[in-house]
Structures are given as C-alpha cells and as structure tokens.
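One structure, pasted below without further comment.
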C-alpha cells in the first residue's frame, strides 16, 4: 500500500464529513442507481453470474465506498447497498451479511486514490490467462487500456495454501500490491479485478476485457505473431476512451 | 459397491418406515418442488437438453429416491415424480414409463450413503474429456471439488459392445464402482454423473463442471503448463463451498 | 442412383393413386403440421438460418414429396407447402417460386426408398469438416448414427466449376450417389444433407449432427487419440434410437 | 483514390440537384426506414454492439450519403439520420454530434461509384484475422464474395502512432486505397469495413463475413489443407447472390 495515498485519503476524510447515506446528498441517489444498474448490466452481459461484486467510492468521503450486502448481483436493489469504511467493515450492517471478499474493494480504494469504481468477477474467458503463463494483451482499440500490462495475482505466493478467497485485509493488500497502478489484475484460479474512475468506465472495461480475452484466444489459435495495440496507441486512444454511449444501451438491455 | 454402506442403509430403512409420498411429510412437498425446479434449472442452464435426469434421496427412507417418469426435464412437474427403491424399480409406477437409465441413480444411492442428489447429463463440453485421455482438472475455486480427480467410465470395459446405456443394475454397479468416492464420473461417449448432498449442490456442481470443462479446453489451447487448484486449496475451499446464493437466482431465471 | 429402387418406386406410385393434397387424407394435415413445425424447430435450434429446407415424402404416393415454396424456413406456414414429383417439379406451383435446390430432395427420394424426410442445411459447425480432410466421426450415443461414415460431396468432382448449387436433377443424382446408403452427406463449401424415416428423426439427426461436429472439434483440440462410438455400439443403440421425446420439447420451444 | 470516379461523381452531383432530405422524394422514406432497420438488424445479429455504423448513399445525389448522428446503433430512429457530403461533414448538423469515423464512409463513397451502402464494425470474430498474418478466405458459398481477397489496413503504415481512429479525410482515403475494389477491408486492431450496392446486401455480407471468420478458425483448428471457394465458383455464385430472402427475416427478428 502507498502510505502517502492512505494519509491523504485520511486527510480528505477529515474535511469531507461523513453524512447519513442518502440524506442531504443530491447526487448520491443517482450514484446508487448506477451501482444497482451496474450489478444488473454485468449479469446481463455475462461478466458476473450468481457471484462477484461491483462497488463505487463515496463522492462525499473518499474513505468510504458503497457495495451490496452478500447477494447475487442480478437481485441487488438500492435497499441492499451498504456503506463501508476502508477497513472493509460496514458502517451500519443493518443485520445483513457482507461479501466475504469485500477486502478486495477496501484495500484497493485505500491504495489507489485514482480509483472510484471496482468490479470483482469470475468471468470464464479470463481464467485460462490466470492459470497459464500466456499474458493477456490488448487486441484492439476497445481494450487498449490493457497495454499497460495485466499482472496475475497468485494467492499461493502471498499466503501459501488458502481457501483461495481474499477474505482478510492482509490478502486485499497483497492483491492491491500486484495490481499496482494497472487497470486490471487477474487472480490465478479465481477471476479478476477491474478498476476505473467511474461506474460506466469500470463496467465498460470489464465487458471489453472479456471480449479481448476471447479474441486473443482466437488469434493464438490462428497461429503466428500477433500485432498488439502499442502503449503509444493506447495512450492516444485513452484520451477519447469512455463508455458513456454504450452505458445507456447496456442499462436499457439490462432492464 | 461398499457392502457396509448397503447394510447400514438397510438398517436405516428399518427405523425410518416408508410413508405414502406426499402424505404426512411436512418437508417433502418442498423437496419435490426443488426436484422439479432442478429439472428446469438444468435445462435453462444448458446442462440437460431433452434427455438426462436428476433425482433426490428420500429424507424419510434412505432406501428410496425420487425421480421423474420418462420425460424431457423441461416438462417435468410434481405429478411426474415417482418414488423408486434401490433396485431401480418404481414403488408405484402408476402406469408410467421409467427412464431406461434409472439404475445410475439406484446403484449410486446404494453404494454412497453420503450422496442424496444425482444428475445424469450429456452436456456437450464434457464429451471431449470422456473420449480422449485428457483428464478433467479443477481450473478455479468454483469447480475446486474436481481436485479429487474425475474418473472415466467406459462401458466397453464393463460389458463389451452394448447399446451404451446403463439400463441394468449390473451396469449401474459397474458405474458406481468407477465413480468410487468422487463427486463426478465421466461416461465415455455418453456424458457424466454428478453427485452431492443436496439438490442445490448437485445442480451447482453440474453447472460449474460444465464451465470448468470449457475453461480447461481454452487453457489447453493457450498452451504451456497449467496451474490447477491443489487438493489442499480444494479442501479448504470446500468448507465454504455451497451454491445456496446462486440456487435462488437459477430458480428465478428458470421460471 | 439405384435403378431397382427407382423402378420399385415407380411401381408403388402406380398402385398408390395421387390425391389432391389435403383432400381425403386424414393423416396428411398432421404431417404438414409437422413439416411446418420442422421448419420452425430447425431455425430455433440454429440448424437453419434464412436458408436451407426440409421435406417429407408423401405417405400416399412415394413418388411425391412435400416442400415449402422458396421462403425463409422461419416464415413457412401450411399454405406455403407445395407437392413435388420425383422430377423436382411442383405438381401445382400455384404461381410460386420453388427452391433452386429442390433436386437434392427429389433425387434422394428417388434413390432411397427407405428415406421419408430430408433436411438440407448450411450449419456453420459442419462446413469445416467439408473443406478439410478430417472425417466427421460419432463422439457419443446421441450421434451414433454417424458410425456408418459421413461422405463428402465436392460438386467440383461432379461438374467442375459451378455456382455451387445443386440446381439440376443431374447434380441431385451425383449428390445422392455420394450419399449412397448413409444418413448424412457433407457438401464441400456448402453444407450438408440429412435423411431419415420420419420428420422427428431427421430433425433430431440434424440437431445432434451439429452437436457432434462441435464436440469433435473440441476433442481434436484436446489432442491425442479419440475413442469413437464403434459401428457395433451404434447398431445396438439404433434399436432404441428415436427422438420422439425431444420432438415434443423442440416444438414447444419453437412456438 | 480513383481520380476518374471522383470526377464522374462530381459530374453526377451537378445533374442530380440536392433536395431537402425527406421532401419530394417518394422512395427516400423507405430507404431511411431500411437504414434504421439495418442499424437494428446488425445489433440483433451481434455484428455491432454499442459502437459501429451503417450508411447508405443518397439515390438522388451520389455525392451525398445518410448516416445516423453519433448514437448506439440499437437506439437509432429515423429522426437521428443526418445527410452528409463527400467531405464527411453534415449538410445540416441540427446541433448533433457526428460519429468521429464518418470519413470511412465519405471517402469510400468518393472512391467507389459502385458502392451504395457501407458498414463499419468491430465484430470480435474479425479482429484475430486483422492482428495475425492469416488471410480471411471464403469457406462456403454464402461468403463466396470474399474470394477476391480481404486486404488488411494497418493505420500504423498510413500514419504511424495514432489513436487508431479514422477521424480525418486523409485517413479515410488511406483506408479506401487499401480496400481498393474489394467488398471488405479488415482494420488491424480495430475491426472491418464492408461495402455493397444495397442495404440488404451490405447487411448480408457483414453477417456472412462474421460467420465465415468463425468457420475458418474452426477449419484451421481441424488442421490440414483447406479447400476454399475458388474465384470462378465465387463469380458464378455471385450471379444469384443476394440476401433479399434473409433480409425480411432479419428485420422481423430485430423488431
């Protein structure tokens, strides 16, 4: 974890007093609506099934984030959203069970001040790239954000033989360390974590990450060298890179 | 077949008197509802098509189990469920045809006291692993239960040239012997059998078995060594391993 | 073409006088209903898209068969069905266009007295087996009927450079000659023809042919030798081989 | 660009005076309806997702074409269609944003007098053929139009490191030069452009292009030499090659 980020987040938390979720926050209702929509979109687009989760950092307090209680994403409604601190514990659990792996979110928010939305998924197309040595590489502009490289987190290296779940703050920190400053980290024998600055962007990244994995497998099957998107092309594309047009469409489809 | 299991089941049958199906049994109606739902879920999730079946052991009499009459799983309703003995014959056939391969169920229930739910399927992703020498191995936590190994039953070894159907008690016993204490057995040129302790768990295992097969094929296509879930990881994961969250979702989708 | 079959069909035609389609034929309406359903089922199951066709031999006159006018299969209704002679010409065209490739049907009905239903399709999974030297082989019991072998018809061998369509009786005869006594013939760079004794069986064979092709490709990708269904297993399985259970389900899904 | 085509188009523009879109043009309304339908069909058939576009040349003025404002294709309605000149600029923008890559359309219409409809897509099956050296070849009659060869446009060769988007007339011209007189050009790390004489034909080509890519990948996976559709077969097939039958079906499905 980056100590400075943590300290600066702590400082921001002091100046941005925590409010009751949903109270005097004009934009918060629509953010929660977007978080609920993200749960449904990611299921409709086959990124999540009955498992996996998506969260968003609180705009009012960077040391807080919103995440559903433990529930299949397709079933998540606004009333299921809880507020969490950077220790991964709910501010008010309201008697509800939390996802075991909420520390994926808490520790990445702590380490990455630039991240405001996180998806944790077990998308089948991604697993093969986590269990082999073949690196996931950007095949086209829509997944150009992968040009920075996609690290693989093997929980065995961090903690030996486990139940494979990131269910402690220490494991969350180990994962955040491997993610470093990248947009995606694969988890060996488990899935992936995708991060971005907004909900539409993290959803879009998760969707095009899945497409990229399927495309890259096919390119490998064709045989011979592959021309990847170069880091410089990716950097230039990133300036126009956002998924706002598709976001409206995805939400419509998920309804 | 394990002789001791058979004897102990026989003893249990003596103390748990057989009741008329559906009569004074408070939990039985909901178990039958779950069995009907399992038929529909397995079709919706593309594990079964017009063929294959799912059964559950009677909670009142371990020497009995419930299975639909011969019918496409998608069409199964509560009135189609018959009760069977461990000889694979219906207690009361009510003039209806039974599945030819009901002996898969009867002989596994006889041999495995720990098993209370069984799926027999012809899922396309599984056939390639039954007709080649490539063993099915656990690619991720959600299919970690495969770490014990997935044996392959070749009916030719048991009975030479047949019509490939497990349509006698002797063939059912031969299959149960290859299954041994594992959760899954592949059938060469035919399909698979999945066993578990509950209906939601056998359905979940069948669904993640299919996903695992598709993921493993892709990992093999990527080339190079594959890091599998280790037996110890699988053992630790098994403690939190159940599909109850997804089960509610699958049932909703299948409606 | 088998000369004797042709002669015997001719003789049968003499004793079975041709009636006006739909007139005094009690079973004919339900046969036409099944032919319409077959068009819809084959589209729903992704065997046909906007092209391809399915026909049935007249039960009243073996020298006649029923086939839709030129129309996308999904749109076929009873009023679109025309009656054809073994010359591939409609008895009464009613001013409607016929499929260009109706001679696939006429010449196979002429050559194969045992065939009463035919599907011509361009199913994508089948094309790779027609353009390479890899023979299509039976992977499991549900496609055991392939054990007799799947010949490939290359129109270039029959007629040199053509528009690739079987649009003359001579090309239909050349195709029927390669089909010989088999249930399936692949057409290089084009598709396949499937034959059977009934509409449910020809539809079932087309559906499991497609599944078998997809399964065999995956078995090849796994690598190593493949244990196929043996001709003797296929012969024994054939005795219980029919798709009546699934047929009801497919019709329900296609509605 | 072919200088003569440009000049002749210019001349035609002079004799075909530009009318207000939708005014005294009897066939124009139905052309716009078809363009809207093409947007929906291409989404339903998974050729386009939230991105990509389809255009049609004005029948009244060959120096004009119709294209939606910047919008996900699934959401396009008649009111979203704008008229553009061959400079890629809207005649009347009505305050709406244009697609950044509209110059793909303008420069191809300028260079190709025979082209009246264009699709730009990012279809996943096509990307692998753009990033490897494996040429896309015609596997069956329905994609025989590929026999002329499928060139690959690498924007790096035209302009070095870019954001990969064809967002200037110069890049559109570079792309049109690589397309030359072919029906399809792949774009490395990006997608493809498909051209034809009518909307149904460009949609049909895009759909069968996608199918051909998936079929060819499978044929390569089977191994060994592949018998492609020959240029002469393709030429003969082209005489009967049109997608009018499927077009009605696709429109029905997209509704």
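Per-chain numbering from 1; labels A, B, C and D assigned in written order.
Heads up, the rule we're going with is that contacts are C-beta pairs under 8 Å (C-beta built on N, C-alpha and C of every residue); 3 or more make two chains touch, one makes a residue touch a chain.
Please read all numbers here as calculations on a predicted model, not as lab measurements.
Homomeric contact subunit A/subunit D is classed as different-residue, with under half of its interface positions used by both copies. With centres set at the average Cα position, the gap from subunit B to subunit D is 50 Å. We define each chain's centre as the mean of its Cα atoms; on that basis subunit A and subunit B are separated by 35 Å.
In subunit D, the residues that touch at least two other chains are 221. Under the stated contact rule, the graph of chain-to-chain touches is a ring, a single cycle where every chain has exactly two partners. Across the complex, subunit D meets subunit A through its residues 49-51, 70-72, 74-75, 100, 122, 124-125, 127-134, 154, 156, 161-165, 188-191, 217, 220-221. Residues 138-142, 144, 211, 214-215, 218-219, 221-230, 232-233, 236-237, 239-240, 243, 245-246, 248-250, 252 of subunit D are the ones touching subunit C in the complex.
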